[in-house]
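So that you can tell them apart, the chains are marked A, B, C and D in the order they are listed, and the count of residues begins at 1 in each.
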């Protein structure tokens, strides 16, 4: 195995030569070992500690859900006029985080950004767990959890009733469940070859059976690879518009209404940009420590981190663009309530939330203009935390300030979160991290096959001269 | 390399050659294809570009499957929304039409994607014949590295070009090969274990039980109330008509006596329910100053009384029960003021014969104190048929079905029968009663008959009186009492 | 493309990378034809009513401007994303972006109209709407006066063209420098400035679309409008590039270095932006349709009555469904003949798109859609000038950045 | 190599298993669908009453009109369970002196004992309600009965029931069916309590009558939520 700490600065650009995506002189076998080590070696004590913490927070989350279901949604701070309090804020927050994985696997794949291979698995897993967290909130927000199935068009002779397909909330049901389903099978499809690797390496009979079943008898046959690659391309082509649609539809929940501050046509792309932004923020939050803990510096190079930082900068600026457009149009549109809504956001009773949002989302990523910031792990970790906070507050600002101050001054009110609200927000992180830690422990957290296919060739081929024959020549159109 | 098993003649099914680098594999693949082998396959830890051409793998049909299913998904989305929202459950909400395309596009889009994604996943598995858990290649120890860092080329012995030694020689001659391995057939059993078959049969048999339960549930009754798995708001904290307000969910009942509503306070009249006492009693109050007294209800109100119980003046009550009183009343004073539209039962205009009341007799109303039209009589007929005909019979001859049944029972010597034949309404005694008297009888009963005052509202009772009069007229009337115009109509009908 | 592909390929000597002499004829036809058509349009406009002429001119102006703006966006994005595949076609995009200069000249009539206080084109330019004493006083327009007034309008127009010309010239000239000195550092410098250029482009294009399109109806507003305009710019740019490359190759230029792989990629972008345009257009429509607020729906209502509904439906199908299924197949994208055909179709539909934004405002939104000689004169007049200037910019310049360090990667492009 | 390997038969078993699971899911779905249908769930409740009152005898054989006892049905939302006094019209017992003040049937019947007791004490008989809608549904009898919706539409042939049971699958879909197609469910208003009406008519004839009545009575049933859920 190559030395981990071989010094190559991958962030230096040489326009003629592409920076290698894997450093450290690895060959195929050592990549396998580097990744499988995480699953095969003795579990570090840190994992147990983290898991214990996450699982207990998760326990609290479940307890709170139980309390909520038993008692009713009155345990939340939701009130009149702020009917949508923390639950929706948390929902949109988590759905947003759930955008990065599919975006990395699909859109970056389409754009042939090969650096995605080192981080896509990781991000996809994060996506799925975030969507799990997101899905819980609307489900418990309906109050009577046991009739959740009414949201789906299931035929019933009792009521002969069907969901109202003209409601954006129902579109959400379809969008989020489709997104969850497609993300899971996309993620799983990507893992099949890696699970086969784990299967072929393990001697533990139980794990072998489990991995055998999960890898579906994958052999790595060229014919299978051919279809597999086509399938992967098709998945990417499907997931790219899907990932756009999800947050677009989440934005419709707000934007189709007439509440001042919600009814803004830029919401769809703005929400998508925000989602990508928060998703990449979370990717960075998780990746920086994971890279350190598991010694993945050779696969997840500084170049990878720098690229993520750049995406954060771009999407953060897009969000800033949307904030600016909203403000400008709020004035330009000439609608007094709309204008008031935006002034109220910035200078009303929730001014602090607005300024947390702007400073975290728009200002803090501007540090990534400087290369120093893009290449200092601790700093990007800190900024990524800011991004997470800022994006949560963005949803808070949108949801709460608009509801608290709508058209009628007589219906104005304030939102006061309860302890249960805070507990559930924290608890959802417990769910997220519990799932994530389990995945890190038992699943292949780096897409080994994909990394192998984009890494520099480790061997001097004995048939180098003949290679040109096999490689199709550049054909003139 | 060789199979280290001690199986009796393991059957060779293929040949594997191992490489350490992908380029050598690509070259070998190219050579094998050019040599005319078709049943070949390569095994690599990651997808190798160029191997499709080298091995001659044709492009997959997968995109077509996906396109087809995607179109199906979109159509399903469209039809789902159209049928459910515009056909099955048509419903206008927020001023949007039952079916409007813009609002339906998101779901169409999502379902298109969902179906396409399923097509990609399951189509890929199906085309690759996965899952396939048992594979003879897995028995080759070296093959475990096909998912790690080794590259393999395999050939099936059933290939037309396969010659045991020649092919092996060719394989051994590949540049960069690091081993040629024979692949043998898997010796493990190929037949399904019997126990699986038995489990399958048991499951199939068990599957008959739920339909049987359903069938019996469909065709039987039960003493247990309706099954409602979700009883959320079935029972609410409120008092419905005719319910007890007993303890509910640990809360005390509304009223200590368990009633959900309060009875009326005796002697009060609800707002808007004041009615002319004449209408309620059938008695013209000669002693006008006593008007108020009848309102005072000595008895507690019957449950659900919807009107103040109308009681005759206290002094009237004993009188009404005296059998002697029903005889006198001679004339049949019918006052039909607006008798325009009258069927054949119409009475001729006749001066109301003043009836000198017997001393103890109250001052009975001699005419129906409500407006009488044919509608009133029809209403009376309807009410009569509901309440009176059960005993008095539809024609009023005292031969109602209940009465007949009672006599049947008496004939069968059933114990506890205390039945008397109901009055025939066509007897002179009844005919001669003033209207007020008949009304009174309906209200309070007479002799062995119980009163229907609580069951029938006063207007209806008066309507019944008119109908009784009409019934009587069918027996006493003469053709010349029929108005000429009606007569003509009847003649036209051929009667 | 993985890091392990490093074949060194250069533009072969037998491949012409400069315009053939035949193009000069086209240039002059375009120039003289264009000028005369514009004069004809003016005459027709004077005869039949100048309002229609103004709107028609604006439509054609925006149409060609949007293509060049697509290029002004594409070039910095190419640098920003360190793209490899597009190096070989980047010079063509750079040349297209030069045409913002032409468009700046062609903007003078509109500029003059606004500055001279004419309000046939821009309703808000009518002082009667601002002054509270006037019977025509329009509170909304008066509220917007700080933004919608001729002076600020003129200042902004200067800024927009300034930004665009700066971006276009800077990236083009540095790129030409690299052709001679082959300095790798140039690539890095351009990459560094590209991010700022993109930010500058985003805001200038957004506000330009607000100024020149959205303010045609001074009451209407839509926050997404800038994005909508941008989607049209990018889409028409990729389609125009495809057609241009096809025509260049047909005339023996760049015939070896631009391969079907590049068409494939251009096709992907065309396809992608078709989707993106539909996404943005649908989002804007759905939100306004659903909320049904009078001040917003009015804009769409005008575009759904008086026969405009047919144009709307034509857009839905022509700008989305038909090209979507047309360009979906990989085989189509890899066939330059078919792909160019689709590109022409998309370019026509893009005109319809701009036409649909601008023309319903004629006569306060009461006129049915018409298409006549004036429109044709404007399209071909501006188009002729556009093409002739493009040829003029391209004359004697290499059409491929020959010394770009990533050129060989671009030449070796292979889609898989 | 002692690694675990699946035996060959697994390859045959997997398709069987997948097929079985698919069939099982379809089967389970069908069972749940059928089991949750109103025909199965909502019908068939037949509680035992404190007095074995026979509708078959009273409404069927004796042809007593429904309204004889349920006399509020035309005026009130609620079709009242009759007070014991109504029973007392025919079933009084001896008074405290042992005399029988009124004409009465079966004064010694054991089954009728609760009635006599109720008449004496004034305490209600604890009848068990058979047709009981959930509290969030508001059904108005008078609105239906006076517009030609017969008792039989919701309660079935009560006049043939010895002990009353829920004969119709009263569910929301059941209500909606009628509210959407009132023609096929109404009859002349005076025939509302005639449970045998229409036996001699074909469906087309009934439908014709229904159409006329809908027009005549201006029947426009609402299917808005707030019609029943107030």
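The rule is short, and it goes like this: contacts are C-beta pairs under 8 Å (C-beta built on N, C-alpha and C of every residue); 3 or more make two chains touch, one makes a residue touch a chain.
The shown structure was predicted, so the numbers you read here are calculated from the model rather than taken from an experiment.
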item: Higher-contact pair (C-beta pairs counted), A-B versus B-C; value: A-B
item: Chain nearest the global centroid, as defined over all protein CA atoms shown; value: A
item: Inter-centroid spacing, chain D versus chain C (mean Cα positions, whole Å); value: 71
item: Centroid distance [mean C-alpha coordinates] between chain B and chain A, Å; value: 45
item: Geometric centre distance via CA averages, chain C-chain B, whole Å; value: 61
item: Geometric centre distance via CA averages, chain D-chain A, whole Å; value: 54
item: Multi-chain contact sites of chain A, meaning residues that touch two or more partners; value: 160-161, 168, 212, 229, 241, 252, 453, 457, 472
item: Sites on chain B at which at least two other chains make contact; value: 91, 96, 103, 131-134, 138
item: Junction residues of chain D - those touching two or more other chains; value: 6, 39, 41-42
item: Chains grouped in pairs wherever the two touch, ordered by label; value: A-B, A-C, A-D, B-C, B-D
item: Contact set on chain B toward chain D in their complex; value: 90-91, 131-134, 138-139, 141, 186, 188-193, 196, 200, 203, 207, 210-211, 214, 217-218, 220-228, 231, 233-236, 238, 240-242, 300, 302-304, 306, 382, 385-387, 390, 401-402, 405-406, 409, 414-420, 422, 445, 448-450, 452, 454-456
item: Residue numbers on chain D that touch chain A, as the complex places them; value: 3-4, 6, 33, 36-39, 41-42, 171-173, 176-177
item: Chain A - residues contacting chain B, complex; value: 27-29, 32, 144, 146-147, 153, 160-166, 168, 170-171, 174-175, 178, 181-182, 185-186, 189, 193, 196-197, 199-201, 212-213, 216-231, 234-235, 238-239, 241-242, 245, 249, 252, 448-450, 452-453, 457, 459, 461-464, 466-467, 469-472
item: Chain A residues touching chain D - in the complex, by the definition given at the top; value: 155-161, 203, 205, 208-209, 212
item: Residues of chain B that touch chain A when the two form their complex; value: 20-24, 26-27, 29-30, 41-48, 50-55, 57, 59-60, 62-63, 66, 80-81, 84-85, 88-89, 91, 93-94, 96, 100, 103-104, 106-107, 109-111, 113-114, 116-118, 120-121, 123-125, 127-128, 130-135, 137-138, 143-149, 175-176, 230, 232
